[in-house]
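Okay, so here's the structure we're looking at.
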Amino acid sequence: MEFASDNTSGVHPRILDAILAANAGPVASYGADPFTAAARRALADLFETEVHVTLVTTGSAANSLALSALVPPHGTVFCHGEAHINTDECGAPELFTGGAKLTPVSGRAAKITPEAIARVHRNFVRGFHQQLPAAVSITQATEFGAVYTAAEIAEIGAYCRAHGLHLHMDGARFANAVASTGARPADLTWKAGVDALSFGATKNGAMGVEAVVFFNAALAERFDFRVKRTGHVLSKGRFLGAQMAAYLADGLWLENARHANAMAARLAAGLSTLAGVRLATVPEANEVFAILPRPLHEALTASGAHYYDWPGDGPDGGGIGPDEVLVRFVCSFLTAEAEVDRLIALAGNPASEGAAR
Amino acid sequence: MEFASDNTSGVHPRILDAILAANAGPVASYGADPFTAAARRALADLFETEVHVTLVTTGSAANSLALSALVPPHGTVFCHGEAHINTDECGAPELFTGGAKLTPVSGRAAKITPEAIARVHRNFVRGFHQQLPAAVSITQATEFGAVYTAAEIAEIGAYCRAHGLHLHMDGARFANAVASTGARPADLTWKAGVDALSFGATKNGAMGVEAVVFFNAALAERFDFRVKRTGHVLSKGRFLGAQMAAYLADGLWLENARHANAMAARLAAGLSTLAGVRLATVPEANEVFAILPRPLHEALTASGAHYYDWPGDGPDGGGIGPDEVLVRFVCSFLTAEAEVDRLIALAGNPASEGAAR
Amino acid sequence: MEFASDNTSGVHPRILDAILAANAGPVASYGADPFTAAARRALADLFETEVHVTLVTTGSAANSLALSALVPPHGTVFCHGEAHINTDECGAPELFTGGAKLTPVSGRAAKITPEAIARVHRNFVRGFHQQLPAAVSITQATEFGAVYTAAEIAEIGAYCRAHGLHLHMDGARFANAVASTGARPADLTWKAGVDALSFGATKNGAMGVEAVVFFNAALAERFDFRVKRTGHVLSKGRFLGAQMAAYLADGLWLENARHANAMAARLAAGLSTLAGVRLATVPEANEVFAILPRPLHEALTASGAHYYDWPGDGPDGGGIGPDEVLVRFVCSFLTAEAEVDRLIALAGNPASEGAAR
Amino acid sequence: MEFASDNTSGVHPRILDAILAANAGPVASYGADPFTAAARRALADLFETEVHVTLVTTGSAANSLALSALVPPHGTVFCHGEAHINTDECGAPELFTGGAKLTPVSGRAAKITPEAIARVHRNFVRGFHQQLPAAVSITQATEFGAVYTAAEIAEIGAYCRAHGLHLHMDGARFANAVASTGARPADLTWKAGVDALSFGATKNGAMGVEAVVFFNAALAERFDFRVKRTGHVLSKGRFLGAQMAAYLADGLWLENARHANAMAARLAAGLSTLAGVRLATVPEANEVFAILPRPLHEALTASGAHYYDWPGDGPDGGGIGPDEVLVRFVCSFLTAEAEVDRLIALAGNPASEGAAR
């Protein structure tokens, strides 16, 4: 019963096969290989526009590198307080930008709105005494498993354009958001005003590859220098290219995401039938946040269910009782229906399996 | 009617005299001069202990340099969201620390407590995914003119020691806090657990000098290298030493602060008698935050009163009506009783002077 | 005829097999997996001592992260001017250390000696005006294919200890140096005073994995925070662990290096028989630097030989004629004898193949 | 006999008077005062063009801030290896630029030429593997007391324009260079291609003020944010403005520099008559570098002469015998003829005064 994270899963066989196939013969290093070129073309096709693409191995690198191109060292980025860049990257954005600040914005389920941004933005009246508002970063799907519609992103994009801010999207789970909304990738990104996207693949079946996608090539000027100085240019870049190309080929990325989302929906449906269990928020992608009675949580954990209790105040910023625990379940491309069902059965009768171990 | 800031005032005559006196003859540069040595001794006397002292020209430099010695680049500093280091130093703490984060803590009138720190601190359960809690920074007196008692600081100090955090105090208006509390400087600092203090003089009569005071010499190892690499080692350091020595001589620092505090109290008393005017918080040092009806604010400004309307939600984090304006008046060592009285008179009858201009 | 770099080769089959084998089932992420644990044990065995090991994907990351733990931001690192950290990492050391400087030291074939370090070191008499001498970094094998003996490293180590400097070794081609010297890894590293080693595998058959190995655990305190803030913690860390474990299993690392070195020796021997061709330095590892007549270089390139002409003044710091070209050939675990022989044959009769294309 | 540095002198009386005069009344803080405005106008007049001016307190700050606007964090600056920014600012350029590198260029007496720059520049063929050549920095007068002619600067400026490099001038002793060459300030700067100048005043009679002067306003965009984030915006900025305005008024800056230069010439002439003493280079500004027999150096020092022995290999990069000492004498606006003559007399008969002490 593995629901700890979508990154505890291994690699999809089609991506592994692509890695094997890429191994033949000598190939130019540092990304000047045909596999990376194919991945770039596939991303251009996917987004229906010219894109500037760089492949790196982690989401923290993708996000922080993108931000380093969008904001000056004396700038600030508006993002949700629970954004991954703010809570889970140990200061990589601050390092890569040369010291820019992340200014937290509030919002339900880690989503932000133009109004919420404006409530913080309007306090930036001190001129050079304060960091310069320079960008907005949103996460699609969010850290609480919510999804922005294309229209919601377009509103944020319009706010950004009106105020001279760049717009970054952390798309570590972008595939899940596309699967959830059914929207075209273009509509969720550049057509809505997104300047740069961290396009994730690792959580959704790759070994370790994320694309930094610029829709505005001017922002990517000398970007390769930025990547190199963070140690993120792999010499045998062909294996990043091969992963990304296979991930995008024949709709694998979307197929995987749909499966993970479906498993999350199945899990949420099951959990919501149980006495004492509440969904912390309606899952829109592949993550389920629930509030469990503490004894149930302890019994599940004792029975070998892998998932995390979650720090902080949850999607609503509160409402978790003293005898309750906020927890997160994540489904991946590998999650089996039977595994979901077993978890639900166990949660409905926690004594059973725990006793049997 | 000058209430814009305590730094719109010039220099106290006794400090100017000291600058003139320090000009005679050649003197060793870069702080190896007898004037700086005298300032160091005076600070050791004032704090009744050994101290490691460095003189710089600005509060932003003093704060950021101190923090750079207290936290690693992968660390975080807990401070109030309205702290000067968070809102008014354009990222100097982030730059000087190499990218450490400031994590905002809530509290009335920009004061924080161990409980408020703990509410944020307890969410740092992600290990290396999150920046390392490394220090707490408090401002004495706070950005909303409140003052910590020695006991309150000692509670924060105890929390810090219990959790392996260093404690920094931004004392840009430390003199005003001493004048307000009547406490001994030692009790407000190292005896309460403060590791490093930014000891301000500029706002209280100097031309431009602040001392970074370490009570824990181990933390100041190679600190001169840190100062030099930020361009804050003045070649003719004698003039910083002379300012600080004169500031501390014969109680000038405390005399100036008492005067400024008294003028603020007088101003607050006067304002609170006026219809429609509310104090946003009881002033405890030399700053008065008030909520004015917008028409009154406009009339005062039009009449030549210099003070700032203040961004944000004020000491209480809200409660300012749509037709009201939060404003800040600051009194300095130079503020005259007559000036205060004239402002109050004008505020009581705004048509009078405005019409006369 | 592929001699451009050892990183244009793919992955050794045994390492690919290990990657495939590691794919089964869910595994803890971020390096807390059994494969990484096995790699750590294997490195401890290899070095015959306790080690602190972190796996990353690039040599630039390994070097810069190691240095960030060895030097303060106001420090300097003595290294050869041709060191990879100085010329090929686009400032990653400067970024990761928070601004430390690399101070170039001279020496034949990119090797440095205590005497050469001392000639630069003795100019650091300006105290805090100058960056603090904090570390020495050497490359084993060097950028010009030379190798340090254990005794030579021990002399540098003694110098470092005598002067309070840490010692870092860039071991991107450490395996080739071990193969060349026949020395025990322990004697080339910690027994000679090395504090931290970047232990390369990528150039010698891995897909992309390098180990940062600390022999002094105190220097590695909170190192995981440093790694995370540079975006170098891979979520599916098992695949790094699996590569490194396979690389070390059954002597694969040494077997690959011996082959590459042997091919370089064969190439050098062949080239030195040719009229007009000089070895720029005697190859001691898997790189051959030669000085070719320009027409020969052009003919070889036209015939499809892949190798680089090399910027700068070469191993001797000069001596390259106006009609000559300094070039580098690199052999890898995949280089075939026939490929070497074909290159030599072509170089001996350049018209033949060029005409035949 | 004070020849240690031009910064061991105090402040010229006319500048002190200006500080006193600026003290009257409240004045807007942070540089928005009439004194700073007057200084800006005076600099525009001096340079006969529009300029963007920022006043800071140290030369390290001025240089590093200017460079931070001229080069990206992944860039490199070509400068002489003995440049103050490379040897005497403890990494401030690296910090303020976010990690850019200084690449040393050779040249006699710390002067560089287009040819010398090109010899280093041509090795930058590695693309993003190497830092991006972004600027050249020259010092006028140089660290060895040499002076660039307008024509020499124009040649460097032409090289920069041809290669997309910005040109910075460290003018800590710019006044001495103007006094030496007799050239118009415009001809030594923007007309010769200089983009940004650190215009010094501190060494030549001010208390502590240097101007960062941009001749290309586009490069200074948001420069005030950069200054603030380094803690270099003084609240009582009027005192920087007053110093700079007085320094420029009525030719004081040039008068002081002419005097200092004349004293250096007198000292050099006197020294060159002494047996065993050699000038290390012909002084062109206010610094004299000489090579003394060690016994003479020891006798002079014992007799109370203040000056420095100088690390490194001197203006010629060598030629100092084992029993010789390279020393530096600096003259300032305060150096008296009698002091010079006394030093020369003492050097001619070192036993005399030493015995008398």
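Here the chain labels run A, B, C and D in written order, and each chain numbers its own residues starting at 1.
Here, a residue touches a chain if its C-beta (ideal position, glycine included) is under 8 Å from a C-beta of that chain, and two chains touch if they have at least 3 such contacts.
A quick note: this is a predicted structure, and the numbers were derived from the prediction, not measured.
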{"item": "Of A-C and C-D, whichever chain pair has more C-beta contact pairs", "value": "A-C"}
{"item": "Distance-maximising chain from chain D - centres being C-alpha averages", "value": "A"}
{"item": "Length of the line joining the C-alpha centres of chain A and chain D, rounded to whole Å", "value": "51"}
{"item": "Centre distance in Å when chain C and chain D are each reduced to the mean of their C-alpha atoms", "value": "41"}
{"item": "Separation of chain A from chain C, taking each centre as the mean of its C-alpha atoms, in whole Å", "value": "35"}
{"item": "Two or more partner chains touched - positions in chain B", "value": "73-74, 89-91, 94-95, 98-99, 128-129, 131, 225, 228-229, 233"}
{"item": "Chain B partner contacts - residues on chain A that touch it in the complex", "value": "73-74, 76, 87-91, 94-95, 98-102, 104, 122-126, 128-131, 311-312"}
{"item": "Complex contacts: residues of chain B adjacent to chain C", "value": "30, 72-74, 98-99, 127-129, 131-132, 222, 224-229, 233"}
{"item": "Contacting residues of chain D [partner chain B, same complex]", "value": "2, 4-5, 7-11, 16, 19-20, 22-29, 56-62, 64-65, 89-92, 94-96, 202-203, 207-208, 225, 228-236, 238-239, 306, 334"}
